[in-house]
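Worksheet for the structure shown next.
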Amino acid sequence: MSKFLEEALILEQREVAQQTYRLRLRAGRMAEAACAGQFFMLQVREGMDPLLRRPFSFHRIHPGEGNIEVLYRVVGRGTWWLSRCAPQTRLNLLGPLGNGFQLPRNAGSPVAIVAGGIGIAPLCELIHRLLASRGTLEARDIHLFYGARSAGELLPESDLEDLGISVYRGTDDGSLGYDGFVTDLFRKTAEEKHIKPSVLYACGPLAMQYHVARWALEHRVPSQLSLESLMACGIGACLGCALPASAPAGSTADHYVHVCKDGPIFGAESIQWHKIQTHGAPPPIFLYS
Amino acid sequence: MVASGTFGYGEEYADFLDLTQLGAVVVKGISLAPRPGNPPPRLVETAAGMINAIGLENVGVDVFLESKLPYLRDRHVPVIVNIFGNTLEEYAELAARLDGVPGIVALEINISCPNVKSGGMIFGTDPAMAARVVDAVRRSTTLPLITKLTPNVTHIGEIARAAVGAGSDMLSCINTVAAMAVDIFTRRPKLANIFGGLSGPAVKPIALRCTYEVLQAVDCPVIGIGGIATATDALEFLLLGARAVQVGTANFIQPAVTAEILRGMELFLRVQKLQSVEEYIGTLDRQCLFPFAEIACGMTDLP
Amino acid sequence: MVASGTFGYGEEYADFLDLTQLGAVVVKGISLAPRPGNPPPRLVETAAGMINAIGLENVGVDVFLESKLPYLRDRHVPVIVNIFGNTLEEYAELAARLDGVPGIVALEINISCPNVKSGGMIFGTDPAMAARVVDAVRRSTTLPLITKLTPNVTHIGEIARAAVGAGSDMLSCINTVAAMAVDIFTRRPKLANIFGGLSGPAVKPIALRCTYEVLQAVDCPVIGIGGIATATDALEFLLLGARAVQVGTANFIQPAVTAEILRGMELFLRVQKLQSVEEYIGTLDRQCLFPFAEIACGMTDLP
Amino acid sequence: MSKFLEEALILEQREVAQQTYRLRLRAGRMAEAACAGQFFMLQVREGMDPLLRRPFSFHRIHPGEGNIEVLYRVVGRGTWWLSRCAPQTRLNLLGPLGNGFQLPRNAGSPVAIVAGGIGIAPLCELIHRLLASRGTLEARDIHLFYGARSAGELLPESDLEDLGISVYRGTDDGSLGYDGFVTDLFRKTAEEKHIKPSVLYACGPLAMQYHVARWALEHRVPSQLSLESLMACGIGACLGCALPASAPAGSTADHYVHVCKDGPIFGAESIQWHKIQTHGAPPPIFLYS
């Protein structure tokens, strides 16, 4: 799979949830080449401020129309500039990058998807692909557990429920749906409803992924977790996007995988979760001062 | 505080801010005799920074005391005088002249300016020389002494220790980073002085590292300088343990930036539920965490 | 040329450029044994720059020779191997292993990486230590040697002289500038390693100054590195007298940037009516002129 | 005269000559406070690229309409970004700065103005003020000598000739009007037509100003030359904008004036022209690469 540079054009940009924007880009080659779960590096602004590209998932891929959609949350300088770009602005893309999601082999059994916050972004394309290739599976056997900190941060109902899949929503502050973390919602619901997914997909903050990973390992369910790291190049050259990983058999040395070229999709078993210590992020207000 | 050489003698900024808000004004470096400074061009812009080679142009201590200092003193703005000499004797004489002058709260010894031929950097890059300058000044004044360090050394901690050992009450760091720029068409330097000092946001990561090293080397109060343009920048230096900061180049771009930084810091302290900045200074935890992604979801309870 | 650590092992960029265009590929620093590198986070963006603390992650010399080098060799791309050891013996053994390997045209001795605990910077900041490393490598190989200098020293010229005295055929400068970054909210460093190396456009003025100083100190060929992102940037280093340049951080932003730089340089030479870049290298006139305003009107006949 | 910050709005931007743009800004306070010959520091783009503000003259000041005009030439990164700003963009101004032109005391005698290239910018406002306050002087006794490198760089006729003043045009390459430097055009014309100006105004490249200054000193005509230097602050704080000046009486030391606070308008006698060595500027093409 070869990667390339493409000059994209902003067709539309809309705020779809709190601090969350959906961007539609005309990018014919990228739309043709990209798979669900892959990502691209976007130069959010011309010039040297900010300096580096930013990684974004393909939220939707429309090869027919020659365009792609990006769903992003404003968390810092780069995404803030991006949110201020008007239609017709040109943006340079580098992609498609990374491994992408694998669709389940046995099309008959249910699938679970856990999305935390902006982690929903790549999962939307995945859901569409699952629906398109589901064979004998009913749409409602695709179980989406979708949580965020607060109601305002969730995507509107119609975007997801209309697809006929089973959607379970929750918020950390209880302002909508289940009151608590989405991983608890998932754990409880899976138990109560005896959901035994053939594959567990997830995207969201690392703290969430850790809980998802633990569940997957406990229940011996194959998992495909879309993980993040800080990236400079996106193509495996800088070695900056490392995550602590289980060492190859026979080795006890520290070992790292690189999210951009080995991922961003990893099985729960390949990451050494106990070596990752995360923390809450800053209130966005200060990032732009 | 505002950094030396970037705030003139205070008056220049009176249209934009209430000078009494400032902790202190560090005035442009003063020498015994007036200095004309370097020939132009003296400035060049670089990526997120600028290089200057002003050459310590200043009116000399006499004119300073007569016609510059009164403006700030009358407004009750504490003045820190940045001093500079070509010889140890000049430093000492200058310090003596400023001793006991009302309105002056401290001296900042500039041993680190890269833009002049003699003195300056030579004093700042050798621990023994640095100690001799500080010692000479120390003997000539009862004012609190701040020694301003240059980043252009292998071990900034050693210079810091030498300065404190010789009697410096505080340290400030950093001065500008030695740099140059050339024009590919004329095939000539962009500064008449060839070399100059880099400042602005570009140098902040270097300034933070230097401040950290200095804080590890000495126990005295340290003033952070270098690339500060926002409250966030200022707080970074305080987090490391700096007791105060100076704002330099950013004044040129936003003349009211110091007032904005103070406002931003107050907001930060309020949001973080801190009573005073003292509670924040030096609270860095050296263990790093994964810095991202939690924003998407409130979870923070990892193993 | 492309700089070590920013171009992987070449393969990563094959989709974006014709690697045979490049003067050489300097591969990611190689050590005797594989190194896992530092824990993440390893990167942080800064104003017009970035700090990295990769910790010299690499596959080790065996895997390199077996599975990385052939790719470049098969494409006839000259390879310069950036080498790094914890001890003099490791440097020497590594050099011996690479001696005579087809495809390798030179070794670049990394005595200047600020991101590892042992070795690295210590070798690079002391002239005597630098000389010992170069000497050890020199005795172990017949390949041309390039010593890569760190800017984090008081007198880079001294290190340069020491390296050349010990047998380095060429020098390259600069490696990254020691730097750090902290998060005001979590009150922690932004890099697991606390310190890292600053690179990118922000450091270009520092790199130019270092290159100039090195060129004044020694007679051997010097390779300019630091913040190069355009043909103009590259030409600035050549104007000072650098015989070649390496492009680092800019590769991350524009993977085809080296091809663009080569195109830009060709255009420049054509416009300036120069037959070859040799005619341009080192033609800096140290006398500065007023750099502006003539664009408005063609007059240039001043007294 | 106090200076201040004002957030201006781009009303219109037009390319009026080769690489030369006219920008109309809504900036009510600035329009009220500014005088001909003064300047302001403009932040050409948000963020840190470029870092510093850029100095620009007031090309026209319309206090009535609450707006100002800027005429500028694209010569580098800053002016290039500026040329790409669309109407409605907000730009931050710091001004009004500097001393400004003095109108002649004796309104009866002719006035000469020499403009080189983009140096025409501040002189347009000056011409309007001269016309407004000319008393017994006829419009055609205002003699404007206006040169540029090439015809394409000159402002269109109508902008100037319509005012009724005497305009003499020239180009370095002879593509329009007098074939040669504008200072030669001025020297020759002044001699032939026996023009004895009461004041000589000029703005343009330093090399041109040097010739103008020499003429003024030779002919003992009071001069007001608008000069340039590289500026960081514009308000006298950084001391970066120095030009070598005649030392105060009794002193032999080097002496410098600062364009931003002592100028930008200087008399020919106050500058040490022999200490200024200028040179041609780069072809713009390379500045943006």
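A, B, C and D label the chains in the order they appear, each numbered from 1.
Operating definition for what follows: a contact is a pair of C-beta atoms (placed from the backbone, for glycine too) under 8 Å apart; a residue touches a chain by one contact, two chains touch by 3 or more.
Since this is a predicted model, take the numbers as computed values, not measurements.
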| item | value |
| --- | --- |
| Chain D reached from chain A - shortest hop count over touching chains | 1 |
| Chain whose mean Cα position lies farthest from chain C | D |
| Mean-CA-position distance for chain C and chain B (Å) | 31 |
| Between chain C and chain D, centroid-to-centroid distance (C-alpha), Å | 44 |
| Gap in Å, rounded to a whole number, between the CA centres of chain D and chain B | 36 |
| Chain A residues counted as touching two or more neighbouring chains | 48-49, 230, 279-283, 286 |
| Overlap residues in chain B, where contacts from two or more other chains coincide | 40-41, 46-49, 183-184, 186, 188, 200-201, 232, 268, 287, 289-292 |
| Graph class of chain-chain contacts, one of line, ring, star, complete, other | complete |
| Complex contacts: residues of chain D adjacent to chain C | 48-49, 73, 75, 116-119, 147-149, 172-173, 181-183, 204-208, 210-211, 228, 230, 273-274, 276-284, 286-287, 289 |
| Residues of chain A touching chain C in the complex | 2-5, 43, 48-53, 94, 229-244, 253-256, 275, 279-283, 286 |
| Footprint of chain A on chain D - complex, ascending | 45, 47-49, 81 |
| Footprint of chain D on chain B - complex, ascending | 5-8, 12-13, 15-16, 28, 34, 36-37, 39-50, 52, 54, 57, 183-186, 188, 200-201, 249, 251-253, 255-256 |
| Chain B residues touching chain C - in the complex, by the definition given at the top | 40-41, 46-49, 51, 125, 152-154, 177-184, 186-195, 198, 200-206, 208-209, 212, 227, 232, 235-236, 239-240, 268, 283-292 |
